[in-house]
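One chain, subunit A, appears in both complexes that follow, with subunit B as partner in the first and subunit C in the second.
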Partner chain A sequence: MTQNRPWIPYALILPSVVFLCLLFVVPLVQTIWLAISENGVPSLANMRTMAGDLNFGRSLINTFLLTLAVVPIQIIMALTMGSMVSKMGGGRETILWIWTIPLGISDLAAGMVWLSILQNTGYLNSILFGMGIIERQTAWLTYQTPVALFIGIAIAEIWRGTAIVMIIIVAGLNQVPKEFKEAAEIFGASQWTRFTRITLPLIRPALQSALILRTVLAFEVFAVVYTLGGRNFPVLVGEAYNWQNQNQNYGVAAAYAVLIMVISLAATLVYLKAIKVDPERLP
Partner chain B sequence: MANIVIDNIKKSFGAFQALKGVSLTINDGEFVSLLGPSGCGKTTLLRIIAGLETATSGDIRIGERSVIGLPPKDRGLAMVFQNYAVFPHMTVFENVAFGLRMQKADEARVKKQVEKAAGLLHIEPYLDRYPNKLSGGQRQRVAVARALAVEPGVLLMDEPLSNLDALLRLEMRTELKTVLQEAGTTTIYVTHDQTEAMGLSDRIAVVHDGRIEQVGTPVEVYNHPATRFVGSFIGNPPMNFITMPVNNGQVAVGAQTFAVPAKGSEIVLGLRGETVERTSTGQGLDIQVRVAEPMGPHLLLTGSILGQPARVILPATEAVKNGEIVGLKLDASRLTWLSPESGVSYPVAA
Partner chain C sequence: MKRMLSIAMLASTAMSVSMPAQAETVFLSTQLRPIEEATAVREELLSGLERPVDYVVEEPPQFAVRMEAERQAGKHTISLVGALHGELSPLADKQSLEPLDDLAKKMADAGMPQSLIDLGKLGKAEQQYIPWMQATYVMAASKDALQYLPEGADINKLNYDQLIQWGKKMQEETGAPQIGFPAGPKGLMPRYFQGYFYPSFTGGVVRTFKNSDAVAGWEKLKELWTVVSPNSTNYDFMQEPLASGEVMVAWDHVARLKNAISGSPENYVVFPAPAGPKGRGYMPVVAGLAIPKGAPDKEGARATIEHLATQEVQLQTASLVGFFPTLDVQLPEDLDPGVALLAGAVTATQSASDAVISLLPVGLGDKGGEFNKVYMDAFQRIVLQNEPVADVLKAQGETMSKLMSDTKARCWAPDAKSEGACPVE
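Coming up: the complex of A and B.
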């Protein structure tokens, strides 16, 4: 049918293209323009305001620190979890299902869950008090306890975001035929060698996707941080939100948005370069 | 080099008994095939020998040393897998070198062994390439070279040719035989293909339903199957089984009579289709031909003998029409007599 009417495939993808143009490309162009103009003339004023802001340096550092802390731990955890379920016979699906529960919870709700644990009257303090480890309520989430606050946010983020990494990794692990590992075992590779020399290289595509996705999401972290730390722990998206809503300065908010996009793109490029995926060398 | 003793190996998967007490001794340098239909337990047995699966009970000794409980790498063996399992992210050289690298062999030895194995399997031109660039046959050569490079005492092969097309399979079969004869490695070869087993093996162990039905040279197993299953599984066309009346320990077939060891009133004749000669009707066993098929090298007759389905083979020069009755002269030395109750054959001497 399509042989006589070659336009049919194009007609079929047209709605999605229009949709993406209207709701993605147009706002993107507008945002970039908003960021690099003032009163309709090209200008770097918004960028200068952003860079000169008191919270800019801190939010940039915080965002990077959080990403650097959270993403590697999530990848290692996901690899461990994926390897563990791959050795299971029965109950595998149930375990996977339980592990992916955090995926079904919104960022904000996840933040609330951890707030109920970590706030002054939260579960953590109750337990510590009950066990006699602390004598009175201890604050974990204030500007006076930056390390505790950072750890709390990181744990909440890890809890919330590891499942998606794990799903991608498990899918990748399922692609590796077990004969590869068995052959390696026969020829004398230890369990660790099998993992590093056989499994890891063969799940490169999954690893790459997981890293890109998780890193981009980590640079966009907001709701969990906002719930637990408020402005005590400024991050880039949080600053964009403040400039947009509190300061009503859309130009500076747009500048932040563009900065986040540039960082995400750069990270993606780094991953694409660093973890080369050669289809010739995959199963 | 090593001999292998498989001593009463049993394996259960839950309620299912995959191996029901298998014993087999394989001599040093011998090539033994485990032949059987899919699901008979032959691959499970191979994986138990390899150490990839644990036996429920029983013992395996390689070179007089029990290997039960030892990890695969300490058993002194190498394996070739059905789907090759050649690592796609390593060059052919690194694939062949893998076992040596794991043994931490020095670079000179790695190079020497890889070149030797690659030479045997004729894969020298591809050493720098990645396996996905190679054909199935070439990949299988890489898998065999990888196994031979470590100079294993025992080589295990799990249906190594079944993923190749027919022509390539024949070619690889011949080549494997040459290569393994040269290497002199004790080999256990799992296959469901009887021609592979017949062509390659010093001895064949026919596995059926978790048991070894017969162990013998290809000629023994073919000519004198121990059971009805072996006779019907090996040979194309399969062996004919014709139930015949016994009178005073003798079976009369036209002008021929055969002394048989049967005690009852009936016995089953196991008749290989190509062991007959044409004779005039009434002189031997008569076959009522339903279809005569000229196959090229021979003429295949399908029909019935004493009302029981049968297939026999005559020389291509014979002319037989559909529906014709043809007399067949039997060769006493090439007949197998089986018990009608148990399906087990009587000893050859009878």
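Coming up: the complex of A and C.
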């Protein structure tokens, strides 16, 4: 049919292209222009304000530290969880369903959940007090306890974001043919060898998608950090939000947005280059 | 198939075109947003008007964006806005508010103080908004804290040394710092610096930003901060930590203390903020009503303003939502006991012999947020990061200077008047 009417495929994708242009490309161009102009003239004033700001360095470091701490742990956890679940017979769906519950909760709600655990009058302090470990309410989320604050935020992020990585990896694991593993077993390969030599190379595409998705999301981290750390743990998106909402300076907010986009694009490129995927295995 | 598609497209176009016709006066407010308060406005304060009013609320940042969008599009849906002095200032700056001089005259005749009406001019020749309700900031303490009050200290006449002593005693006795400030991301801490800290220690806000009095003041604040709960940088509304017992003493906006105080008025005392060497700084908060240019229903909006400014409705507003009248009226005896406590502290603040009134910033336009940031950055660097006071004030003072010369804002009280942009001395 398409041979007679070659325009059909184009007509079919047209709505989505128009939609993306209207709601993504246009705002993107506008944002970039907002970031690199002042009063309608090209200018680096917004970039300078951003780079000279008190919290710019801290938010950059915090965002990278959090990403570096959270993403590897999540990948390892997701691989472990995925491997465990693949060995299960019954109840596999139930376990998967339970593991993905945090995925159904909004960022902000996840932040609130962890705030109710970690704040002064939270569950953690109640338990520690009940066990006689602390004598009175202990503050974990203040500027005086940066390590505890960082760990708290990292745990909340790991809790919230591991499920999405796991789902992608489970999908990848499902596609690894059983025959390969069986053959390796016959030749006497250990479990570790089978994992590193067969499973890992075969789930590369899934791993790549998971890493890209999770890292980009990690650079965009906001609501959980905002709820738990507030002013004490500035991150890039949080600063963009502050410049937009509190300081009402849309130009500097746009500069932050552009910076986050550039970092995310760079991270994606790095993953695409670093984790080579056999072109034949691409969809 | 083709036909189906065109029908679907037609249907969706038709839906987007046929907006519901608006018969009501749309009243957009950044104040009284919580559902209980909004319901009180809709069902009590706005009842009895001839034309129905649709009361909608919006958070301040979205309010600014929406007003700007309507201004740029030239398509107006909002007839009346209710917002804080500082939120209306950028609108007036863009000439997008109707002059209300005739209404202002009526208000003056009805007994609204001229000083308050003049605030509504926002530094311009014509009346930009009509003062709607007012509030201020006070301190609240749970009665358990009173036993630690230093000897001879009168809670209504505290000074900073006594507050620090009190804080130290509370920390020694209870094992944890018990004073709290709303220094969280949504807290009103910048107002503490502009209306309380700077006027009390330096007798100014902008001119005195980095002088020797300011340096001494910041040193005092650092001393105070040793007995302030480190969770303060997470607190947005002090009523929550106060009610949960995380802190015993707190400073905040009356509306942000109200739930704790009204919840158990017998457990709290409410009193003025402490005094420094230059007096007892305090800042009135004024919310105003304004009509955007191009409003679809100006008559309805005017009628609503007049209705909200009647003596009866102003008193009703005080007892329902805890904001105080802008008309010069006596509060009734049967006021909610929590609101009565807050009102008592407001009166004590205003009538204190050493009171230093600090007005809201005028003429900053949309730079109000960055003005706040100057104080909060100084606070973060000096108090939280322990950087040398004089160096930080010098650097922040330059930012302040630039902000003032960019906006050409003149000095406002308690700073002495200036010819051009307010200088940082």
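Basically, the second predicted complex is superposed on the first by the 277 of 283 C-alpha atoms of A that agree within 3 Å, B and C clash if a C-alpha of one lies under 4 Å from a C-alpha of the other, contacts with A are read in each partner's own complex, and residues count from 1 in each chain.
Note that in this section a contact is a pair of C-beta atoms (placed from the backbone, for glycine too) under 8 Å apart; a residue touches a chain by one contact, two chains touch by 3 or more.
None of the values given here were measured: they were computed from a predicted structure.
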Open item on the list: After the superposition on A, what does A:Thr94 contact: first (subunit B), second (subunit C), both or neither?
Closed with: neither
TODO: Considering only the touch criterion stated at the top, classify A:Asn120 as touching first (subunit B), second (subunit C), both, or neither.
DONE: second
- [ ] For A:Glu179, select first, second, both or neither according to whether it touches subunit B, subunit C, the two together, or no partner.
- [x] first
- [ ] In the overlay, answer first, second, both or neither for which of subunit B and subunit C A:Gln137 touches.
- [x] second
Task: Winner by number of subunit A residues touched, once subunit B and subunit C are compared - done: C
- [ ] State whether A:Leu202 touches subunit B only (first), subunit C only (second), both chains, or neither.
- [x] first
Task: Residue numbers on subunit A that touch subunit B, as the complex places them - done: 177, 179-180, 182-189, 193, 198, 201-202, 280-283
Task: Residues of subunit B defined as touching subunit A within the complex - done: 50-52, 71-73, 77-79, 81-83, 85, 87-89, 98-99, 102-103, 130, 132-133, 146, 150
- [ ] Enumerate the contact residues on subunit C facing subunit A in the complex.
- [x] 61, 64, 90, 175-176, 183-185, 229-231, 233-234, 244-246, 366-370, 372-373, 377, 380-381, 384
Task: Sites on subunit A touched by subunit C in the complex - done: 54, 119-121, 135-137, 139, 141-145, 226, 230-232, 242, 244-249
